[in-house]
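This is the structure I have questions about; it appears just below.
The chains carry the letters A, B, C and D, assigned in the order they are written, with residues numbered from 1 in each.
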Amino acid sequence: MEITILTFGILSDLLEKEEFQVQLTPEMNVLNFKQYLLENFSKLNGYSNFSVAINETYASDDTIIKEKDIIALIPPVSGG
Amino acid sequence: MEITILTFGILSDLLEKEEFQVQLTPEMNVLNFKQYLLENFSKLNGYSNFSVAINETYASDDTIIKEKDIIALIPPVSGG
Amino acid sequence: MNERISIKVTSCPLKLEDAYNFVEDPSCGGISVFVGTVRNETQGKKVLRLDFSAYEPMAIKEMEKIAEEALAKFSITKIAIHHAIGILSVTEIPVIIAVASPHRKDAFKACEFAIDTLKETVPIWKKEHFECGEVWVNAHP
Amino acid sequence: MNERISIKVTSCPLKLEDAYNFVEDPSCGGISVFVGTVRNETQGKKVLRLDFSAYEPMAIKEMEKIAEEALAKFSITKIAIHHAIGILSVTEIPVIIAVASPHRKDAFKACEFAIDTLKETVPIWKKEHFECGEVWVNAHP
């Protein structure tokens, strides 16, 4: 299934894009998705210090990614 | 010696004046001064819940009152 | 007076931007402001207005002491303590305290210290006016 | 949205009076305001400006959560959480939080809770610009 990924902060700089699509296997959870990214995007250069939000809400490692989900890669926040 | 007394808050209401003079014996301390007031001003009606400031600074019970001191009777404050 | 301190006792309306502009500083990352406002009720009774009076020269001295103590106790850069006197209606402002510091925790702590101490030591009094009478706040234990 | 909450993420300059006027209420005796300001240095390095970016719809949701949680945890009446994005210079204002409550302790606690939590959870990022380079704040442990 095709999933849209949004990137922010340092991750936009590392990946050199703010949005892209990936093909994921069904029933993939967030932890496996992070591993997939680290293995397939060398530009991340092993940078794993980020959270994942699904549909504008923080997701836990065992959340299953579903078709049409919008995934955001959230590096450590620094607002305020 | 003649001493000027300033009153504030409820004490102005009780004594019905904001300033008056009293004749005090020399070497009187603040504690004795408070007793003097309570004995000589029946309008106070026993109201003893006040502090004494001398020359715009809080005074302790054993502070000696000196000629030309300006004494203020400070009921519990309620600013803010 | 210490140029890091702004003290005011006034019968004019207090303005938030006066205190804020005084403490704002390029070295500071946070500003904590406390604004006291007149409530419409106290202990279940409807308040019409408050009447604040002060022993003004002593009030200013005590407010300066609080500001100096806050500068000594906390890592803060500037502090403003402004108090209004006279008659104030509901939502009007008796007191504004603003504190600027490099790091925010210090500003919060100093601001709370200043308002707590002001309420204990500064010779200012308020009379509450109700529909049926008036009372000096705190006068009776 | 809850009428006791004002949330804003904007590229326009934040105004203290907007947050203040929103929370001011006749039932309240105290208003605690926190204003974040851009400092001229960080860890000994001179800061020229900060560039704030946000995942805006999620930032708004997370700020609403903070406001709802503050209303549930503390005896407060109203809360405003406003954040600016874009480029800000020294002394300009990235964030304003204002909280009104009947009694002041609740306003202080809720205001500090809100800024602490915002800095942990709200998806907003700042890049510090120095004379010789730039860095995403917090990006590296």
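Here, contacts are C-beta pairs under 8 Å (C-beta built on N, C-alpha and C of every residue); 3 or more make two chains touch, one makes a residue touch a chain.
Quantities reported herein were computed from a predicted structural model and do not represent experimental measurements.
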item	value
Shared chain contacts [subunit A and subunit C, defined touch]	D
Chain whose Cα centroid lies at the greatest distance from that of subunit D	B
Cα-centroid distance, subunit A relative to subunit D, in whole angstrom	26
Rounded Å distance, subunit C centre to subunit D centre (Cα mean)	23
Subunit B-subunit D separation of Cα centroids, rounded to whole Å	49
Subunit D residues counted as touching two or more neighbouring chains	36, 115
Multi-chain contact residues (two or more partners), subunit A	none
Every chain pair in contact, whichever chains are involved	A-D, B-C, C-D
Contact footprint of subunit A on subunit D as seen in their complex	36, 52-55, 57-59, 61, 83, 94-95, 115, 118-127, 136-141
In the complex with subunit D, residue positions of subunit A that touch it	6, 8-10, 13, 49, 53, 56-58, 72, 74-80
Residues of subunit D touching subunit C in the complex	16-17, 20, 24-41, 90-91, 100, 102, 104, 107-108, 111-112, 115
